[in-house]
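There are two complexes below, and they share chain A, which is joined by chain B in the first and by chain C in the second.
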Partner chain A sequence: MTDDTSKKTPPVLIFWIIAGWVGYCLLPWYMVEDGLWSFRWVLDGYPFDEDVAPGLFLIAQGEKLWLAPLLIPLTLPLLVLRCPKSDPLYAKVLILAGALGFGWLIAQGFSIGIRGFNFDWLKSAFGDLGDRQFGMGYGAMICAASFLFLLTQGIAARGAINGDVFVVSAVGGVITIVTAFVFFPIAKMLFAAFVTEDGAYSLSVFASKFFDDRLWGLGCFWGARCGAAWNSLILAILVGIITTVLGLAFALVVTRSGFRYKRALRALTVLPIITPPFVIGLALILLFGLSGTVTQFFADLFGTQPTRWLYGMPGVLIAQTLAFTPIAFLVLIGVVEGVSPSMEEAAQTLRANRWQTFRTVSLPLMRPGLANAFLLGFIESMADFGNPLVLGGNFDVLSTEIFFAIVGAQYDQGRAAVLAMVLLFFTLSAFYAQRVWLGRKSYTTVTGKGDAGVHPLMPVGLSMPVLLVALGWALFTIVVYAMIIYGSVVELWGVNNTLTFKHYVTAFSVRIEAEGIRWTGAAWDSFWTTITIAALAAPLTAAVGLVTAYLLTRQSFAGKNAFEFGTMLSFAIPGTVIGVSYILAFNVPPIEITGTGVILVISFIFRNMPVGVRAGIASMSQLDKSLDESSLTLGANSWQTFRRVILPLLRPAILAALVYSFVRAMTAISAVIFLVSAEYDMATSYIIGRVENNDYGLAIAYSTTLIFVMLSVVAFMQFVVGRTQIGRRMSQSRTNV
Partner chain B sequence: MKKLGHVAAGSLIAFAASIGAAQADKLTFYCSAQEDWCQLMARSFEDATGIDVNMTRKSSGETFAQIRAESSNPKGDVWWGGTGDPHLQAAEEGLTMEYVSPMRDQLHDWAISQAESAGNKTIGIYSGALGYGYNADLLAANNLPEPACWKDLLKPEFKGHVQMANPNSSGTAYTTLASMVQIFGEDEGFDFMKGLHTNINQYTKSGSAPIKAAGRGENTVGIVFMHDAVKQAVSGFPIKVVAPCEGTGYEIGSMSIIDGARNVDEAKKFYDWALSTDAQNLALEVNAFQVPSNKGAETSASAPDMSTIKLIDYDFKKYGSSDERKRLLQKWDEEVSVLPQ
Partner chain C sequence: MSIQSKAAPVRFEAVSKRFGKDVVAVDTIDLHVDAGKLVTLLGPSGCGKTTTLRMIAGLEMASSGRILIGDRDVTRLPATDRDVSMVFQSYALFPHMSVLENVKYGLTFSGFAKDEARSRALKGLELVGLKGFDARLPSELSGGQQQRVAVARALVLEPQVLLFDEPLSNLDAKLRRQVREDIRAIQQDLGLTVVYVTHDQEEALAVSDEIVVMRNAGIAQIGTPRQLYDAPNDRFVADFIGEANLLACEITEVQGDTATVRIDGHLHQLPARGLPPGKATLAVRPSRIRIGTGSGIAATVAKATYVGVRMEYTLTGAFGQVFAVQDDVDDPLKPGTDVTMTFAQKGPVLLPE
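Let's turn to the complex of A and B:
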C-alpha cells in the first residue's frame, strides 16, 4: 500500500456504509411473504405497508420502535470518513458502530418474536409488548452484513492479521454464517437431549438415554446383537479404509500407469456419486438378494439354499463402498497429480528404484490426501442413511436409529439428540486422529520454482494388483449400472420383464401446444426445482468452502482450531438431525425461512461445504507459501493473491467442490425430507414417494435420467473450470525426452 | 401518516390486482397418504372450490415431527391421511384443533368414535385391517403349508421366513403388538410375540417394508395392513393376502386441523369436503384399498371384504395413549427383542 491510498477513504468502507443505509431506508425490513424472488411487494403497499416497509418508514410511522437505536451505529461511521486509516479513532469508531449495530440486531431479533417478548424477564421488566415481529428480510439482512463488515474493517484497522481487510472480513463472515447455520441450529437440537417430557432440564434423562443397551450392547460377541454405536463405528472404519485404498488404486491407474482407457475409468468412478440414494441398494438386492440373479445362479450351481446374507453389514458395506469410493478418488486424484515429479526424479537420480521412490517419496507426500479421503469415507459412512435403510436388515446403525427416533412410533427427540451426540463424538475423534497423524510435516510440492517433470510409472509389483483391483471394481460398477438402466425399461422389475418406455413417458412427457411447451410429465415440477436449487447451491458451496480452506491453510488467527472444527461439524452430523434442527431453529424469527427454497439451498451449502474445505486444504497444503509471498511482495493484496495465484492452481479442488455440491444437492435425501415443502419438492423425496408406492419403474427411470443429467453437468463444469496448468511436460512428450 | 400510507397502498393494490396479482384463497395441506392419492385430493379440492392448495406429502411420523417442530409458528393448515396414532398423539399434545363437522351423520361409527376419543380434534377418514401377505412362489419353493391364522406363523418350518416392522419405529408394528395383546390377552399375546421372534428374519424400520420385500422375493411372509398387501398383488407381484382366523386389529386413517392454522376457514372447507362421498370415491382411482369412512362411498372390488374379516373391538383410546404405548414397547424391548433368534 502506498501512502496515497491510506489517506483516501477505502472504497470498501464507503460500500458497506451505503449498503447499511440502503438496507435501513429502502428495502423491506421484514421477510416478504411471497418469497425471496418475488418482487410483488414493490407494487403492493411499499413503502408504507407494515409488511413490506423499510426500517426507517416503520419507525417514522411509530411502529417497531425498537429498530430506532440502529440509527446510531449507522451514523457513527460517517464521522470517520475523513479520518486516515492509521488514526486510532478510525478503528475505534468502526468497531463500536459494527459491534453495537450487530449486537442490537441480534438482541432485538431474539427478544421479540411473533408472540411479543420471547423471555419472561423482559415481560416482567417492560410489561407486555403488544406488538410482534416476523423474520428478517432483505433490509435487515443487508444491515446485518453492513454492521459485520464495518466491525471487521475496524478490527483490521487496529492491525489484526497484518491489517488485512480481506482476510479479517472473510474470517468474520465465515464465522458468522457458520454460527448462524451450523452451531445455532445444532445447539438448539442438542438441548433436546436434556429435556424431560414435561419440558424441564435434567441430567438424569440424558444419562438414562446415553447408557442404553441398544446403543452400547456388545451382544454380537456371543450371538445376540451389538449396539448401534459399535455397529456404526466398525462399519465406518471399514468403509474408510476400503474406499481410501480403492480411491488410491483408481488415482494411481489414472495418473501413473500406461492403462489405455483412463478416461472411461475416470468417468466410471464418478458414476456412483451421481446416483440417487437407494438405487444402488435396489440393484444390489436384485443381484445378491434372496431371489437375486447371482444368488440364484450359485444356488442352482451348488444345489444350496439361497440365503439372506446381503441384509446386514455385508450389504451396507458393499453399497457404501460403491457409493463413497468416488469421493476418495476425487480427493486423491488432485493430490496424486500434485505430488511434484521433481522430487520423484530426484529420488530416482539418487538411484532409488521405482518401488523405493514410490514408498519413500510419493506415498508419504500423499498423506494429506489419504488422511482426508479416509476421514471423508468414515464420516460419510457414519452419516449415510439410505443404504442402511434398504440393506441394513437387523444391523442397526446410528443414522437410521436417529431418523426413527424422530419419525418413528416413539417420537423421542431426546434419544435422537443423544444418538447424534455419540455420532458426533466418533466423527470428531476421527477428525482429531487425522490431524495427529498428519502432524506438523510439510507436504508442499508445488512451488514457484521450475517444476517440469513427468510422474514416473508405478513400480511393476504395485501396478499389477492396483490395475486388477481397479478393473475388478470397475466391472462390478458396470454390472450394477447395467442392472439399473435395465430396471428402468422393464414393466415391473424382477417380475415382468417386458421392455417398455412407459416409465419415462409418465415422468417426462411434454406436449407442444400453440402457446408453447407444456411439461405434462409427473416428474417435471420436482425436476426443475432440484436443478435450480442444486445450481444455486453448488457455486456458493464451492466459494464458501475454498475461502474457508484458504483461511485455514494460509492465515493464522486466534481460535483457528475451533474455527476448523466448526466448519467440519455440519458434515459430521447426519442429514436427519440437520433437517430437524433447521426446522426448530429457522421456523421462528429472526431467521424465518422454513417452507422456502432458501432453506434448501442453505442446508446444502453447509452440509457440503466441508468437502470443499477438505479438498481445498488438501490441494493448498501442496502449494508453497512462497507463491503467496512473492505475489504479496510484488504489491498485490491478499484478495488479489487469492484470486490470481491460489485460485487458478486450485482448479481440481474447485471442480471437486462444485461437482460434489451440485451432485449432493441433487441426490441428498435425509435432510431434505424435512425441508421440502409443497412448492419446493425435490427429486429425491419424490422418488422415495414412488418407491413407497411400488412404482419402482418410475423411480428408477427418474433416477436414471438424473444420472445422465448430472453426468452432462459434471462434464460441462469440467469444461468450464478447466485443468490446472502446473507447467509440467505433458505425458505424451515422454517419448521425446 | 399511516392513513396516507394506506391510501397510497390502496391505489397500488388496485393496480396490482389489475395486472392479475390478486391474492386467492389458499390452503397448506399436509398429506400422509400415498403420493398420487395426495395429488388427486389436492387437485380435486382446487377444482371443487377454487382454493389454491399447497400440498406436501410425508409419512405420518414425519408430518407429526414437522407439526411438532413448527408448533410455535404453524405453517400447515390441515393434515389428512396416515395412521390414526400420530393424529391421536397430536390431539393429546394440543397440536391440533377441535372441530365438529356437519358431515358427521354420514360417517361410520368407527370414524366418529375415533373423533370422540380425541376430544373431536381428529376424525376417521378410512380404515384398514391388519393381516399378512405371503409370496406364493417362495412358499411353494420352500414347501411351506399355506398359513391362515396368526398361530400358523409360529410353526417351526416358518423359521427365517417371516418379517414384520420394529414396533419401536413403525406404527403398523405397534398396531400388531397391541392387537395381539387384545386378541390373546397380555400374557399370551407376549408369548405369541416371543414365538414369532424366533421365526422373524428381520425387523424392518418401515411398516410396509415386509410386504414389499415379499413382493420382490426377498422374504416369504410379511405382517402388514391388508390394503398394503392387496396393493402388491394388484401391482403384479405373486402376493396372497390373509385375514387371520383368530381375528385382527385395524387402523383408522385420520384427518386433523392444525392448531393455529393460518387459513382456518379453508381448512374447515377441506375437512367437510374430504368427508363427502365424492372425495372419498377418489380412492378408487389411485388403487387405495382402504375402507372409506363415509357410509355412501364405494369400496374397491379388490379391497379386502371387511364383512368377512373378524375385527376385534380395538381400544384406540387405551392403546393410543402414550403411557400404554411406552409400557408395551418397553416390555417388548426387554422381554422379546433380546431373545436369541
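Let's turn to the complex of A and C:
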C-alpha cells in the first residue's frame, strides 16, 4: 500500500453522499400511503404531487421550505472529496455536515407536525406556519442515515477508535436506533403521564393518577380488592419463589440423582420457547374451569356446585408457574452443573456427609444462580399479559390494567403511562438488583482446567421429596399439554365431547380452484401476516444483535458500559410497556408508523435484540482475538474482517439467533396487542380475540397449530446447528495440535 | 514473478503507550530498525515488547511520539492501512478457510486479480515447503505446518516489515530449532525487515542481527548478539542474556584501558570499560570459570551434575555462590572437594556495582 491509496476518496464516503442526494432528490420525502414497495406512488403524480414528492421538488415548488437548509450539509461533503483522509479539514467538514444535517432533520421533525408548529413559542416567534408535515418517509430516512454516517466518518477520521470507520459507524448506528426505538418512546410515555386532558403538563395530574386506590389499595386484607400494583408484586414474588424451587428440583434430579429419564426432563426446557404464553391459561380452563374436566369430576363425585375458583390469583399463579418453571430450570441447570465436583469431593474427604456437603458447600455455591432464577421469574411474571387476561377475572394486575386503560372504554393515556411507569419501576429494580447481585458475587467454579470429579448424589432425605415434586410437576405439565391437543379436537368442551376436526377446518381450510389455491380458513390472514412479520424481523434482529455483540466483545470505546447497559435494558422492559410507549410515540410525526407492519417488525427487533446480543457475545468470546488481528494486519479492514472471518465462524450462533427471534416474534402477545391493526393482525392477538368471544375450540386449535409449527422450526434448527457444531468441534480439536 | 522484498526501515521517536491512566506499557522509547535486518525484542514478560510490536502493526496506537515505516509517518494509521504483516503466536489461521484461501486472504485486499493472487499464494506455499498442501484445512496440518502457513500468508504480501510474535512458543524443542533456522534463511534470502518478539534468549541470540533488550517498559540495551553477550551494559542484561555469575569485586587500579580487580584477595586484569577504582561487579559466564588446584579463589564444590556433554558445578566460597560448567566429563569433581577458582583471560566483564 502506497501513499496514493490514502489520497483516493473512500468508497464509503461516496456511497453515503450519493445516498443522501438520492434520498433528497429522488425518493418520496414523506410516508407514502400504500407503502413504498407497492410503487403506486410512481403513477400518483410523482414527482410533483405534495404527498409523494422528493424533498428537492417540494422546495422547488415553494412548499415545505424548512427542508431547504438541508442543501447545505448535503453539499458540504462534496468539498472534501479530493481531500486526503488525514487532512484535519476532511474530518471537520464531515462532522459539521453530518451534525448539521442530522440535527436539523430532528429539529424540524419535532417542531413541525400535522398542525403546523408543535410549540407555542415557535408560533409566536414566526407566526402561523400555514403548512404542515406528516411522518418521515424513505427519502427522509435515507437522508438521515446519510447524515449520521457522514458524521461517524468524520469522527473516525479524527482518530476515534483507531480511525476505524466501520466500528464508529456501527456504534453510531446502534446508539441511534436504540435511542429512537427504546429510549425515545419510553421518555415520551413518561411525559404522557404528566399531561392533562387539554394538553398542558401538570404534576397534580400525575399525582392523582399515581395515588389512585385502584393502584395501591390494600383492600384485600379486609375482604375487598387490592390495588393492581400490590397484586402484581405479590404474584411476581410468589411466582419467582415457586419457579425457583421447582427449577432447582428439576436441576437436582437431572444432575444429582440416579433418575433414568433425564433427557426427557431436559426436553421440558424447549416448552416455553414454543408455547404462546396464554396457551397454558387456556389449558387450565379446560381442566379446572367451570366446565373443566377435573371440576366436573369432583362436582359429580361430591355433588357440590362447581366454582369459579380458578379465575383470579390462583389460576394466574398456576399458569405462570407452569409457563416459567422451565426458564428457571434452564438457568439453574447451568448453575448446578457449574459447581465444581472437586469442591464437593473435597468436602466429603473432610468428613462431611452427603447432607452436610449439600448444605454447606453445594447450596451456598448455587446461591447467585438461585437469585438469578428468582429475578427472572419475577420479571417474567410482571411482564406476562396473556395469562392474566385469560384467567385474571377480578384480579387486576398492572399489565392487563395498562391494556384496558388504552383500549377500553376509559381510553386514558395518562393512566396507562402511569401504570406502565410503575411496572417499569418494578422490573428495572429487579433487573438492577440482578446485575448488582451477580456483579459482586461470582461463584463460578468452572475453570479452563479439566475437572475430573463426579457430582455426588443428593442425600436420600432430600432426593425423595425432590424427585416426587419434580415428577409430579412434570406429569402435570404433560397433562396440560395433552389437554391442549385434546381440546382442539372436541366439539364443545365440557358440553359435547365428540371428536371433530371442525375447528381446524374453520381455521385452516383451503380450496383448490381453477385460479389456484384459495385460503378460505378464518386464521390464514393472521397466520401469514405473523409468518411474514416474524420472517422479516428475525434477520434484522439477528443482525442488530450480532453487530452489537461484536462491538461489545471486540472493540473498546468510551462509554462502552453505558452502551451495554442500554442495549440490555430493553430486556427488562415489559412488552406491555413497549406497546404503550410505541403507540404514544409513533402515532405522530416525525416517525408515524402506528398501524403499519413496520411498527410490529421494529417492536420485535428491539424486544428480542438482547437475545441476539447474548448469543453473539457467548460465541464471539470463544473466537481467539488474534484471528481478527491477523486479518487486519493482512490488509482487510474491520468490515471485511467481520464479514469474512467472524461471521462465517459464527454460523451456529446466527442460526440460533434467527430461529429464536422468529419463534419469539410468533408467540409474543404483550406488545403486539397494542400494535396490531385490522390490516396487520397477528396470530396471537387473533387467538386472544377468539378467547374473548368464548370461541375456545378455534383458539385452541390455532394455538396447537402454532406449537407444532414452532416445534418443527426449533427441531430444524437443532438439526442444522447440530451438524455445524460437529464440524466446528473437529476443527477445534485439530487446530490445537 | 517471485516474492520480492520491499523492506523498509522502522523508526520509533519517543514513543509511549499508556493503558488507562496509570499503566505505562512502553515508556518513551527510541528505536531504529534498519531495512533488511532481523531485530529481536527480548525481555521478561510484561516488559512492553509485545506492545511495541503491536504498535508497529497498528494494533495498538501510540499514546505519544512518532512511528515511521520507510519515510512515512504511520503513527495514526490503523493496521489495515499499514504495509506490515504479522505472524501470531497462535498462528490465527482462519479455521473455515483452506490453506490456499488463508494465504490468498491478504492478496485479495491488495488489488490483485484472482489468478495473480492464486499463483502468488502458491509461490508462497512453495517457499515455505508446503507445496501440494493448498486444499487442506488448517486443522489437517501439524503445528509446524500451520506455523509455516502463517509465515507464507504474511510473506506473500511482500510487506515493508514482517512481524513475529513469539512464533515458536507453541512448537516442541526440536521443531523450534528447525523453524527458527527456516525463518532466518527466508529473511536473509529475501532481505526482509523483520521484527521478532521472544522471551527466549537463546532463540534471540540465534536468529538476530540485532537484539533490543527491554525492561520495565524501556530499552535496557541494543546491540548485536555478540555485543550483548560479551559486553552487557549492566547486571540486568548480563543476567538475562545467557547465564552470568555476578560477583562483588573491587577495582584496585586502572591503567589506561585495563583495570585490576580483587576478589577474595585474588587479582584479575580486564578491560576497565571506563569504570573508576572502587566497588564494582564482575560478570562471569559459567564457561569462563576455570577450576583448578593452584593459586586462585578458594571454593568448595557444593553440587556436581552430569548433563551428558559437560559437567555443571555449583561452587561456594566467601564470594557467595557461582555456577560453572566444565567440558571435562571424564574426571568429575565430587561434592565437598576443595578447589580454587580462576577466570579465563577473555570473557569476564566489569559492570557498575
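Here, the second predicted complex is superposed on the first by the 426 of 737 C-alpha atoms of A that agree within 3 Å, B and C clash if a C-alpha of one lies under 4 Å from a C-alpha of the other, contacts with A are read in each partner's own complex, and residues count from 1 in each chain.
Criterion: contacts are C-beta pairs under 8 Å (C-beta built on N, C-alpha and C of every residue); 3 or more make two chains touch, one makes a residue touch a chain.
In this text, all values refer to a predicted model and were calculated from it rather than measured experimentally.
Undergrad: Would you sort A:G393 into first (chain B), second (chain C), both or neither based on which partner it touches?
TA: So A:G393 only meets chain B here.
Undergrad: With both complexes superposed on chain A, which partner does A:Q640 reach: first (chain B), second (chain C), both or neither?
TA: second
Undergrad: Have a look at where A:G163 lands relative to chain B and chain C in the superposition and call it first, second, both or neither.
TA: second
Undergrad: Quick one: is A:A60 in contact with chain B, with chain C, with both, or with neither? Answer first, second, both or neither.
TA: A:A60: touches chain B, not chain C.
Undergrad: Looking at the overlay, does A:L649 come into contact with chain B only (first), chain C only (second), both, or neither?
TA: second
Undergrad: Just chain B (first), just chain C (second), both, or neither: which does A:S630 touch?
TA: second
Undergrad: Once the structures are superposed on A, label A:R690 by its partner contacts, choosing first (chain B), second (chain C), both or neither.
TA: First partner only.
Undergrad: Chain A residues in contact: does chain B have more, or chain C?
TA: Counted on chain A, the partner with more touching residues turns out to be B.
Undergrad: Look at A:S86 in the shared chain and tell me whether it touches chain B only, chain C only, both, or neither; answer first, second, both or neither.
TA: second
Undergrad: Which chain A residues are contacted by chain C in one complex and by chain B in the other?
TA: Chain A residues touching both partners: none found.
Undergrad: Sort out for me which residues of chain C touch chain A in the complex.
TA: 57-59, 61, 72, 76-86, 88-90, 92-96, 105-106, 109-110, 137-143, 146, 150, 153-154, 157, 163
Undergrad: Over in the complex, which chain A residues touch chain B? Could you list them?
TA: Touch list, chain A to chain B: 40, 43-46, 48-49, 60-62, 114-115, 214, 223-224, 285-286, 289-291, 308, 311, 389, 392-394, 400, 403-404, 406-411, 491-492, 494-496, 580, 583-584, 587-588, 592, 594-595, 673-674, 676-679, 681, 686, 689-690, 692-694.
Undergrad: Touching residues of chain B toward chain A in the complex: what are they?
TA: Going by the criterion above, the answer is residues 1-2, 4-6, 8-9, 12-13, 15-16, 19, 21, 28-29, 34-36, 53-59, 61-62, 64-66, 68-70, 72-73, 75, 85-86, 89, 138, 160, 166-171, 173-174, 201-203, 205-206, 208, 212, 215-219, 231-232, 235-238, 325, 329, 333, 338, 340.
Undergrad: With touch defined as at the start, can you tell me which chain A residues reach chain C in the complex?
TA: Touch residues, chain A against chain C: 1-3, 5-6, 86, 159, 162-164, 624, 626-627, 629-638, 640, 644-645, 648-649, 728, 730-735, 737.
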